[in-house]
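Comments concern the structure below.
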Amino acid sequence: MVYLTRIEHFNAAHKLYNNLWSREKNDEVFGKCANENWHGHNYELYVTIKGEPDPETGFLMDAKKLSRLINEFVLEKLDHLNLNEDVDFMKGQFCSTENLAIGIWNQLADRLPSSAKLHCIKLCETPQIYVEYYG
Amino acid sequence: MVYLTRIEHFNAAHKLYNNLWSREKNDEVFGKCANENWHGHNYELYVTIKGEPDPETGFLMDAKKLSRLINEFVLEKLDHLNLNEDVDFMKGQFCSTENLAIGIWNQLADRLPSSAKLHCIKLCETPQIYVEYYG
Amino acid sequence: MVYLTRIEHFNAAHKLYNNLWSREKNDEVFGKCANENWHGHNYELYVTIKGEPDPETGFLMDAKKLSRLINEFVLEKLDHLNLNEDVDFMKGQFCSTENLAIGIWNQLADRLPSSAKLHCIKLCETPQIYVEYYG
Amino acid sequence: MVYLTRIEHFNAAHKLYNNLWSREKNDEVFGKCANENWHGHNYELYVTIKGEPDPETGFLMDAKKLSRLINEFVLEKLDHLNLNEDVDFMKGQFCSTENLAIGIWNQLADRLPSSAKLHCIKLCETPQIYVEYYG
Amino acid sequence: MVYLTRIEHFNAAHKLYNNLWSREKNDEVFGKCANENWHGHNYELYVTIKGEPDPETGFLMDAKKLSRLINEFVLEKLDHLNLNEDVDFMKGQFCSTENLAIGIWNQLADRLPSSAKLHCIKLCETPQIYVEYYG
Amino acid sequence: MVYLTRIEHFNAAHKLYNNLWSREKNDEVFGKCANENWHGHNYELYVTIKGEPDPETGFLMDAKKLSRLINEFVLEKLDHLNLNEDVDFMKGQFCSTENLAIGIWNQLADRLPSSAKLHCIKLCETPQIYVEYYG
């Protein structure tokens, strides 16, 4: 078994806000992250898959094909968009990095070829914070 | 003469949009960057000053004091905010990285101690794009 | 279960030295790292915790609160200090990166909120060497 | 148990090519990576070992000794060379990153001191692709 | 005047070899870099242009258009290729990083729009070596 | 004219302390950096030289020879040492990054071959602070 990771990049706006709470409570809990006019990030996304290398190619999976899958089912839905407003698979959820990593996992887990399994989604929100989700 | 650089970080939302143009023309020129619901970035800001080291301390300027200046006059006005909506010194300007670098220069140039001069503002918008402004 | 990592930074002096050995044996085993006048490093510290995201916030734990815990119980005891001389929780131990990572684990493991568990301490001593400890 | 990682660097040429296939099929499957005149990479190699720190030194293993092992059994056989043509332990194998990581594991697994075990080979081929192998 | 930098990436094989010299002299001067079976690198390319921001867009130049120019006139001629064998604009020249940076300058200098001028080509060959050329 | 940069790394201990001042004044001016038991850093050193590429090699200067010069005249005098106590060329000077960059310049400026001139010493003390000196 080997693990192959492809790193991709996207930019997005979001805010942290619980609609069931008052503005004051949101400010108290989320601080600057609750700014009503949004803020945003450059996100680094690490997608790790696992399986056996194909004896005819030496590849677990062609990294360019993995990149195309990530582009089609993740980046086109997130890049240069607003995570709270524009993203179908995040509707009704808080846009924390934790929930976004889980959402990305759900976008990809059933779309890999049968020879590979999704192992980990790692999502870096700032140079000091990242989240990992293993399903 | 030595040059001292302090690196700081902020996150913000913005969009690229010319109000004198139609939505169609904005989409044509700015593409995804014109998304009406905003997008955002992690910005890396490099502030470089120049001058002679003080013979009593060996410092051109105490880097912690430089950091406090940048925090007070730049980061508190930009971090976790919306560059188009929330920033006094960007009012009426396009929020391109070029203009934002010039705006940051103008915030800092007259606030350094007399022994140091502002030399360069370098602003990284994504891992692939940065702008430098020398006044 | 999700994993959240917060990255922090500190600088410190240390030397590698076994007091039960002669100067010659220390030089032979530890080489330049045994320099009696000390040397030092910029350490990058990765603290990873695990648990379920809170349904009201989407957070496993507020990263700013995690940062404050790390600052209070780790960084204030290490930053700009001498690991052999100044650090209560390293008294009587060799200041190897391995032991320092274990020491940092012990500082934090019992101080997390009940909804989160410490998963890993990763400590980078140079751009070429790091240690991980999982308890 | 602690984990110690040493990071090393090498440069090499290679191509992706299956000799049992036609040139056309190779171009179709491997694209630009099948260029008959080769291409190349800067590889970043992470070697992670695990075990208990030695009570006399605080070391799982002296990182300089680990570096010498990696240099002797891996880097001298790969650095500034052609992975398809010049490397004894890759003879008869496709030079995918997956297979190269497995080959490097096999070079090192039996050469560590008894107090340490090889845990992971991580091999970064480009800033966007890496492979991990755990034996 | 502002400066805008776009960073791109390519991989290539090369060797350092003077055809007027013997194999022995090449080995003596270039060492491992003269390996007859080639070696290779991941190159990071920084293209910096200078000029005034356009008052209608805030852009010195649309970074996506700059990226397309670099792709068409530089990356398509270098990426996943052999610098000594496959690159028209390097024919008859030594494939040092110095000469490659000058060659890339010559590919781009006359292809920028009139509102921008090429300022610098920075080419990183390894994490420890880079070259800059200002025309 | 081309510019070639070689990046090297060293670790050292130091403190910021003016012997003509009281302990209180040193603490007030230098804060944690004045700790009497020292602290330390991983320094990244960028040495940039300028000149014409040699027509026989394509090199401004062989980067390995530049590296050997830096090792002999700079790194052997700084690495794993105490900047205040152990370094001949810093005797009697404050160990600020500014002064250390100037000291490194003086070590190298007259030791380059006649075909190259020293252009810049860039010294990174932490991930947030660096100094440049151009002679």
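Which chain is which? They are A, B, C, D, E and F, in the order written, and residues in each are numbered from 1.
To be clear about the criterion, contacts are C-beta pairs under 8 Å (C-beta built on N, C-alpha and C of every residue); 3 or more make two chains touch, one makes a residue touch a chain.
All values reported here derive from a predicted model rather than from experimental measurement.
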For chain D and chain F, the contact-path distance works out to 2
Outermost chain relative to chain E, judged by CA means, is C
Residue numbers at the chain A-chain D contact, same meaning over half shared and different meaning under half, come out as different
Check: chain pair from C-F, A-D or A-B whose contacts match over half of those in B-E is A-D
Rounded to the nearest Å, the gap between Cα centres of chain E and chain F is 29
Averaging C-alpha coordinates per chain, one finds the centres of chain B and chain C separated by a number of Å equal to 33
Expressed in whole Å, how far the mean CA point of chain C lies from that of chain E is 41
Where chain B touches two or more other chains at once, the residues are 127
Chains touch one another in the pairs A-B, A-C, A-D, B-E, B-F, C-D, C-F, D-E, E-F
Seen from chain C, its contact residues with chain A in the complex are 1-8, 48, 53, 56-60, 62-64, 67
So, in the complex, the side of chain B touching chain A is made of residues 9, 11-14, 32-33, 35, 37-42, 79-82, 85-86, 126-127
The answer for chain E against chain F in the complex is residues 16, 18, 20, 29-31, 93-99, 101-102, 127-134
